[in-house]
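Consider the two complexes below, in which chain A is the common component and chain B and chain C are the respective partners.
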Partner chain A sequence: MSDTQWPRYEVFVQERPGRPHQHAGSVHAPDPEMALLNARDVFVRRPECASLWVAPSATVRGGTAEELSQLVAAPVSEEGSPDIEYLVFAKLEERGTLAHVGEVHATGPDDALAAAKAAASRPPLALWVVPAARVERTLPEEAASMFDPSRHKPFRDQAFYHIQTALRRLRRDPLPIASLQNRGKKR
Partner chain B sequence: MTDDERLAHFEARIGRGEKIEPGDWMPPEYRRQLIRMISQHAHSEIVGMLPEGGWITMAPSLRRKLVLVAKVQDEGGHGQYLYHAAETLGISREEMIEALHSGKAKYSSIFNYPARSWADIGVIGWFVDGAAILNQTMLARSSYGPYARAMVRISAEESFHNKQGIEIVLALIEGTPTQRAMAQDAVNRWWWPTLMMFGPHDSESPNTPALVRWGIKTRSNDELRQEFVNQTVPQAEAMRLSLPDPDLRFDESTGNWRFGEIDWGEFWRVVGGDGPCNRERLQARRAAHEDGLWVREAMAAYAARA
Partner chain C sequence: MNLELRLPLADALLRLADDEMILAHRDSEWTGHAPILEEDIAFANIALDEMGHAGVWYRLVAELRGEDPDTHPDQLVFHRALDEFRCLRLVELPKGDWAFTIVRQFLFDSAEVVRLQALRRSEYPPLAKAAAKIAIEERYHDRHLRAWVRRLGLGTEESHRRMQAALDQLWPYATQLFEPQVSESELVAAGLFPASEPMAAEWAEAAAAILADADLKIPTVGPGMNGGRENHTDHLEPLLAEMQSVARLEPQASW
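Here is the complex of A and B:
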């Protein structure tokens, strides 16, 4: 194994219960468990997280609108019954990112991507399928220990600092520079 | 499609405000410029932890210490977001880190200046993060999807960095004469290097036309620099801190604060590796990487357990 280049895992963050998991970026880790911990440290320093998923980048099959347009329709190339479950992630808005939109069952990744494309309510700007069995997820009972620490750090939020108020006060009552020379120690 | 047709299609997409995603066709030069910019940006976040990191154990109160730890952690995280964005273009994180450690890769020249006193921590947040936010807000509209999304996330998190810095400076200017003098001294040392952060004049910036044409950048170095000066001068005035530029004056006709000429000799010297701390910074990065080897070995052993 090389010095720093552990396998890459794609990271999906659910900001609030009931919201879809959204792609946030990736981390490197030696195994899925470490990938979840790294994902927490890299992407969840603030409270907006209810659940995290990670999946090895190598298991993701996907394409952009440009690539999907060249996808041959229904390439049922793989043998067997469609019994592998894939999670489907779609980017639907230009300014958006890939978000979890549902599941498909397929015999392999190419079938899954074709099935996901066929099932899309409108043409996605990008589409990913990930085998459900390869997705490592935080458990509801772990949520408190994984995500609660960030709730006790209000100083990570800019609203914690009242800079504009202080600057307005200084503009109204300028610092008397001369008298500063004579000011004593701490008040 | 021929390459010319592909290029026309690509530029039309950018013209319509579409985001380019990994896997889309892109001109090799677009990919090259993005890898250069994003990896430099990632390295800047990582090296940027060093000047402030040294002050964590010397922070003057527990509150200041908690805030500074949180800020430095954010910078580490932001470096990771950016390495990820660059990786979507086909370069590996290992190649980027190797380029940083060998001295081949560039990072923002501002981090080659030392943080000499506690007041520097305040002024870095006020000036350096203030300048970075202007740049990052622009890049959040970049045409490359993964870069734009990383910037949206970073911009949302960074406004606290700027405000905690201003808060430190405010505490000093309302403190003792010595504290006020510390703040003024830090302002004097950081003002010009911060103006250099925006890069060479537009007329001297070889990469700007391609970057603007392809929507990677949407504003030029000089425009961003002017906006920084315009937003910072009134803040300094309110704090009754002077900025070290005798040519600084308000231009009624344009509504801009005009400022004196930047010492570009200094800029190119620092970019070229001969700044006050270039060697120290790279040495610290290499040492951190080597000292962390046992952690990586332990993690690999844990992953390989039966």
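Here is the complex of A and C:
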């Protein structure tokens, strides 16, 4: 069966300047620019955002703590020199998410994962490596039109509309059937 | 501001508000039906943004008319008769296929970018301030729409054919985007509202460049569509009937 879906991109959101980019979820898109726009519309409607990164899911190599424990140090390939830059994302807390912690240079994804594991300050619960060249990023000059509008929109919890209160009142004190039937006909 | 210009300025802003409101309604018809989930969310966002812009303009209309800015907008949207609406015929047309929607939204939003830049220089401070805020959002709409125009224009044989068909059908309506208005010259002279002709030229040049990049050809049309904004297509009546139906069931209801 042929897959008619657009490829998937992983989305990383930076809430404020200086904070790490954190994994937020994924979107489908035909190309990196559309992935960035879709990421904005799906993930940056209400929360604060200063910068967005997206990367094709297929370029992400990762593993959980258990998988990482079985990782054997990748054999250094003969021809390769460690000159591919990978971004490293680590999940360090049970309740946390994958957050950008730095970069490693490696010959390939497995090598990068091993290097990232070796460089970790404490054993991560999960690690991802993403080739830096495949990451599409918002530009600082785009930030205003991409992210400012969401800051000015009121966030309304469902409680704002008092629906629950109105329903409770209706249950306690039902409208007479006749008044319901006549609704809309009077004026 | 010269008091005699308050009502003409309110009329000018009512035109902008009606354009945004009716287009927002048309856009909202895609909610739950857009080609993919991500675009469904994106396009619902755009519809909400346009409705928000309409709300900003309707409030300014209320203030200029000395009406209550909290209640007058609802009156204008939900309790006004068809022949009092002043929207473009472009925004009344049924939503069509996805190419039609994208071309219409591109034509409208690229015009908005030009108009809002000019409105930021209005001598009426509340208008200049509102335009500056809305312009930020429209810049994003414009980017989103340009991205779609390019991809569908240069996509497959079918996507290109549908885009060209949509442009052929919509372009004559687009001539109304910057049609000069009767009361315009006084507002322009007072620096309250920008003149239509320079904006029309600036927009036509910008839109032509984007369309050419997408391998889409602007059709040659004769003289623009006759008749001003008091003339509507047959599509506005059923749209208003639906949009106003709930509010009219219970005109005194508080929301």
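The definition used in the following text is that the second predicted complex is superposed on the first by the 144 of 187 C-alpha atoms of A that agree within 3 Å, B and C clash if a C-alpha of one lies under 4 Å from a C-alpha of the other, contacts with A are read in each partner's own complex, and residues count from 1 in each chain.
Note that in this section a residue touches a chain if its C-beta (ideal position, glycine included) is under 8 Å from a C-beta of that chain, and two chains touch if they have at least 3 such contacts.
In this text the structure is predicted, and so the values were computed from the model without any measurement.
Of the two partner chains placed by the overlay, only chain C lies in contact with A:H152; chain B stays clear of it. Within the superposed three-chain model, A:F160 lies in touch with chain B and out of touch with chain C [touch as defined at top]. Of the two partner chains placed around the shared chain by superposition, chain B and chain C are both touched by A:R45. Shared-chain residue A:V27: touches chain B and chain C both.
More residues of chain A lie in contact with B than with the other chain of the pair chain B and chain C. Once the two complexes are laid over each other on the shared chain, residue contacts for A:E67 go to chain B alone; chain C is not touched. Look at A:A144: by the touch rule set out above, it reaches chain C but stays clear of chain B. With the contact threshold set out at the top, residues 6, 27-31, 34, 41-42, 45, 153, 183 of chain A are in contact with chain B in one structure and with chain C in the other. Note for the complex: chain A touches chain B at residues 1-6, 8, 24-31, 34, 41-43, 45-46, 62-64, 66-67, 91, 94-95, 97, 125-126, 153, 155-158, 160-161, 163, 166-167, 170-171, 174-175, 177, 180-181, 183, 185-186. The touching residues of chain B, counted against chain A in their complex, run 17-19, 21-25, 63, 66-67, 70, 73-74, 77, 80-81, 84-85, 87, 92-94, 97, 145-146, 148-150, 153, 157, 159-160, 162-164, 166-167, 170, 173-177, 180, 235, 238-240, 289, 293, 296, 299-300, 302-304. Across the interface of their complex, chain A is touched by residues 36-39, 41-42, 45, 49, 52, 133, 136-137, 139-140, 143-144, 147, 151, 249-251 of chain C. Looking at the complex, you find that chain A touches chain C at residues 6, 27-31, 33-34, 37-38, 40-42, 45, 144-146, 148-149, 152-153, 183-184, 187.
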